[in-house]
Amino acid sequence: MANELLSVPVAAGTIFIAGGGLAAVCRKAKQTLTNEKLPLMGVLGAFVFAAQMVNFQLPLMPGTSGHMVGAVLLAIVLGPHAGAIVMSSIVIIQCLVFQDGGLLALGCNIINMALVPTYIGYYVFRLFSGDGLGRGGMYTGSIVACVVAMEAGALLVPIEAAVSGVLLVPFTTFLYTMLGVHLLVGLIEGVVTAFVLEYLRDVRPQILTGGLAGEGRMSTIAVYVTLLISALILGAGLSLVASSNPDGLEWSYKERPDQPQFRPAVGNDSQVVAAADRLQDRFAPMPDYSVRASEHAETEVGGDRTGGPWAGWTSFAGVFGSLLTMAVVWGIARMLRHRPASRVPA
Amino acid sequence: MSLVDIQDFSYSYADGIDALKGINLKVRQGERVAFIGPNGAGKSTLLLAIGGFVSGHGRVTIGGMEYSRSNTKAIRCILGGVMQDPDDQLFMPTVFEDVAFGPLNMGMNENDVRTAVESALMQVGLANMSDRPPHHLSAGQKRAAAIATILAMSPRIITMDEPDSNLDPRSRRNLIELLKGLTQTLLIATCNMAFAAAVCRRAVLIDNGQIIADGAVGDVMGRADLMDAHGLEVPSNLNTPAEGTA
Amino acid sequence: MHHAHIDKFAYLDSPIHRLDARVKLVATVVFTVFVLLLPRQGVSVLLCYAIWPFALLVLGNVPIRFVLRHILIVSPFIAVLALAMPFYSQAPVSIAFGPFAWTTTSGWLRCAAIMGKFFVTMALLIALVSTTRFADLLAAMEKMGMPAVLVMQLGFLYRYIFVLIDRAHHMLRARAGRRLRYLGPKRELATAGAMVGSLLMHSIDTAGRVNIAMEARGFDGQFRTIRRMKMAGRDLIFAAIFVFVILLLHTVIRPAMR
């Protein structure tokens, strides 16, 4: 998930949710973490990173390679709270050290890849395997848990993109693609996770007892449904609340009082647009203003609509001026670098 | 009184194999002892037992204290262990934080911690690397940093597990000089006879979890038949005795 | 250790390197927000905004070519989505740019805008990360309220990633040296599985030894740190310049370039 596919209110909302969620997870984790778990969390996180580098050719798709994500495995081995912390740290490091994901998209990425899959995966696994690690339960549990976890995370991405409205790919297309790809990913991940769990059970069983012990019986369905609904409602709701205040945000959403006869030029054929419009109409306090209306007002860059023969020149001037400024900055930097060397004692 | 006193200590792995059998060992303050022996002899396990990480039968007394819930932290303040792989010992994002970890856990205040860290780093020659992350260091520097993490705690006893492994000749020479300059009691496990002879005065030969010989370096390592029988060799530098205390 | 690309720049020295990590972090986030607030089809205005990360990089002694190459490497995901835009929005648009004028579709404009924003925000993120040591970034986040458990976890993760990635690289190289052809899905998976299993065992054993190392140095569950982060005069100057630049960009230049 990248910054640029999100609108500011969605980014802010998801960061808020992710931050709150993480803080709660950390508090919960402190109650159950033992000292030995701490280095294990760090090293297992690094392991997941390194394991993601071990790619293998997908059996059905020649030329593409797949790799593990690891959220469900971490949740099973470490418990959901510690697992969520480790996955969050992986997401953060991916952003800061490898620039794989934008700063403002961290909220979404943490929700999609760290918080949702670990908890959902954990509880679904528990549902199938009970508290033990019998072979059948472990395999079915892993596969189902990974598929559900991956799909849940994959589901959120198009929703976040759609609510932001930056991307024009139709919601349904994006959704189906994501769900389809992650079904395959989830299946493979489930199998690999099961292999790893079996290997661990044979070689280092004491690692596994830590994660599965001591969690009370929770209604799995309730957890699942609640998580999804909360994410949806909060994400959509926050963006609507925020965008009902046009001054704060995108100038493009503002009403155009100078052109009272303005109407949307052509109904955009994108379904996400239509869906967003309907959402806006139903929940927005100002139902007659549509998100997409002003998109068509802004169809020109450097604005013929503002009129005048000089219109196109503002952007020209802007570009030219920027390049000039950059050259000046470059020159200053070079001078600063060379100055100490050239300072000769009198 | 012995600083380290091990009485009839035995330990077996979970699968039943004996790692240590009937170990009896006394080490006085200031001694420098080399634990030599072939791979798998039990040298590392013995060091772990001295560090209180292995629970077997028999008594391990450090500085007059036996390991127990109440004593362990106090013992760890006077006994520091340098591990075989510095990467296991340098787990913080910067060298400074690694070296400060021990003193902070001992409850020292900020200024004392800073002083301890700076002097430890200076002692090992890494004063200008304190802000670096460990993965920027060379093997020799990592080894030095690992030693600094222990020195900062001002222990009385330092155990080292194969400290000279993975070092190039220059780093090894630096390490030897560093160790010779230490006043602490040293217990060093090593496969390198020349290294042992350069640093230590006393050698304890271990094989199959038992102490085979225990005496002056020249006496133990000078016996070719003994060395041969246990997969070792007589080092070439036996005639230049190690300097320093005891 | 070949993966320390960004890392190595963080240990250089420059006026940017010497700034407080908290100030740089906040400035990065705020600037990114303002870039995202730019209109969906504004392209040339992005170049004006790009001056800021450019200046930071240049003054921070970070080679621009490296930055551009790095951005290209991480761009595939968003490039694919951005390039989908022209298919879905075909509303015609006429562009006047200085003496030139031509027509294109709003889809292409939005695609260009997204990619442009991506470049600017990425360049800014790289500027932050290559002029700030990770340990300092971590300390900044801790000072700004990140839970201790997460800080410790990030520190460990950062520390051991390089160790494990190196190991994985060695394994991959070993596999490449001995696997001369595609072995069929079952063998491929089995080999990958064995490598992953071996990595996993190594990780777990390492964690056990690190635990011993921590206990040997007196760890009792309490995270204790001393890091002194002090704001200096230069940080206030930087903050002032930043506020000025942002205001200039948002209130003057952005409307002017509509």
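Going in written order, the chains are labelled A, B and C, and every chain counts its residues from 1.
Note that a residue touches a chain if its C-beta (ideal position, glycine included) is under 8 Å from a C-beta of that chain, and two chains touch if they have at least 3 such contacts.
All of these numbers come straight from a predicted model, not from anything done at the bench.
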Treat each pair of touching chains as one step and give the shortest count from subunit A to subunit B.
2
Of all the other chains, whose mean CA position lies farthest from subunit A?
B
Contact-count maximum falls on chain pair A-C
Would you identify the chain whose C-alpha centroid lies closest to the centroid of all protein C-alpha atoms displayed?
C
Please work out the Cα centroid separation of subunit A and subunit B, and write it as a whole number of Å.
48
Between subunit A and subunit C, centroid-to-centroid distance (C-alpha), Å
15
Between subunit B and subunit C, what's the gap in Å when you average each chain's C-alpha atoms?
42
Name the residues of subunit A that each touch 2 or more other chains.
39, 42
Touching two or more other chains in subunit C are residues 7, 134, 155-156, 158-160, 163, 206, 210, 214-215, 219-220
Scan subunit B for residues touching two or more other chains and write them down.
91
For the subunit A and subunit C complex, residues of the former touching the latter:
2-8, 11, 22-23, 26-27, 29-30, 33, 35-36, 38-47, 49-51, 53-57, 59, 68, 85-86, 88-90, 92-93, 95-100, 102-104, 166-170, 192, 195-196, 199-200, 203-204, 207, 249-252, 265-266, 268-270, 295-296, 298-304, 306, 311-316, 318-319, 321-323, 325-326, 329-330, 332-333, 336-337
Report the residues of subunit C in contact with subunit B in the complex, numbered from low to high.
1, 4, 7, 11, 133-135, 138, 155-156, 158-160, 162-163, 206, 209-210, 212-220, 222, 224-227
For the complex, give me every residue of subunit B touching subunit C.
48, 51, 53, 73, 76-77, 80-81, 83, 85, 87-94, 97, 100-102, 104-106, 110, 113-114, 131-136, 149-150, 153
In the complex, subunit C residues that touch subunit A:
6-7, 15, 28-29, 32-33, 36-37, 39-45, 47-48, 50-51, 54-55, 58-59, 61, 70-71, 74, 77-78, 81-82, 84-85, 88-89, 91-101, 106-107, 109-110, 114, 117-118, 121-122, 125-126, 129, 134, 137, 147-150, 152-161, 163-165, 167-169, 171-172, 182, 185, 188-189, 191-193, 195-197, 199-201, 203-204, 206-208, 210-211, 214-215, 219-221, 253, 255-258
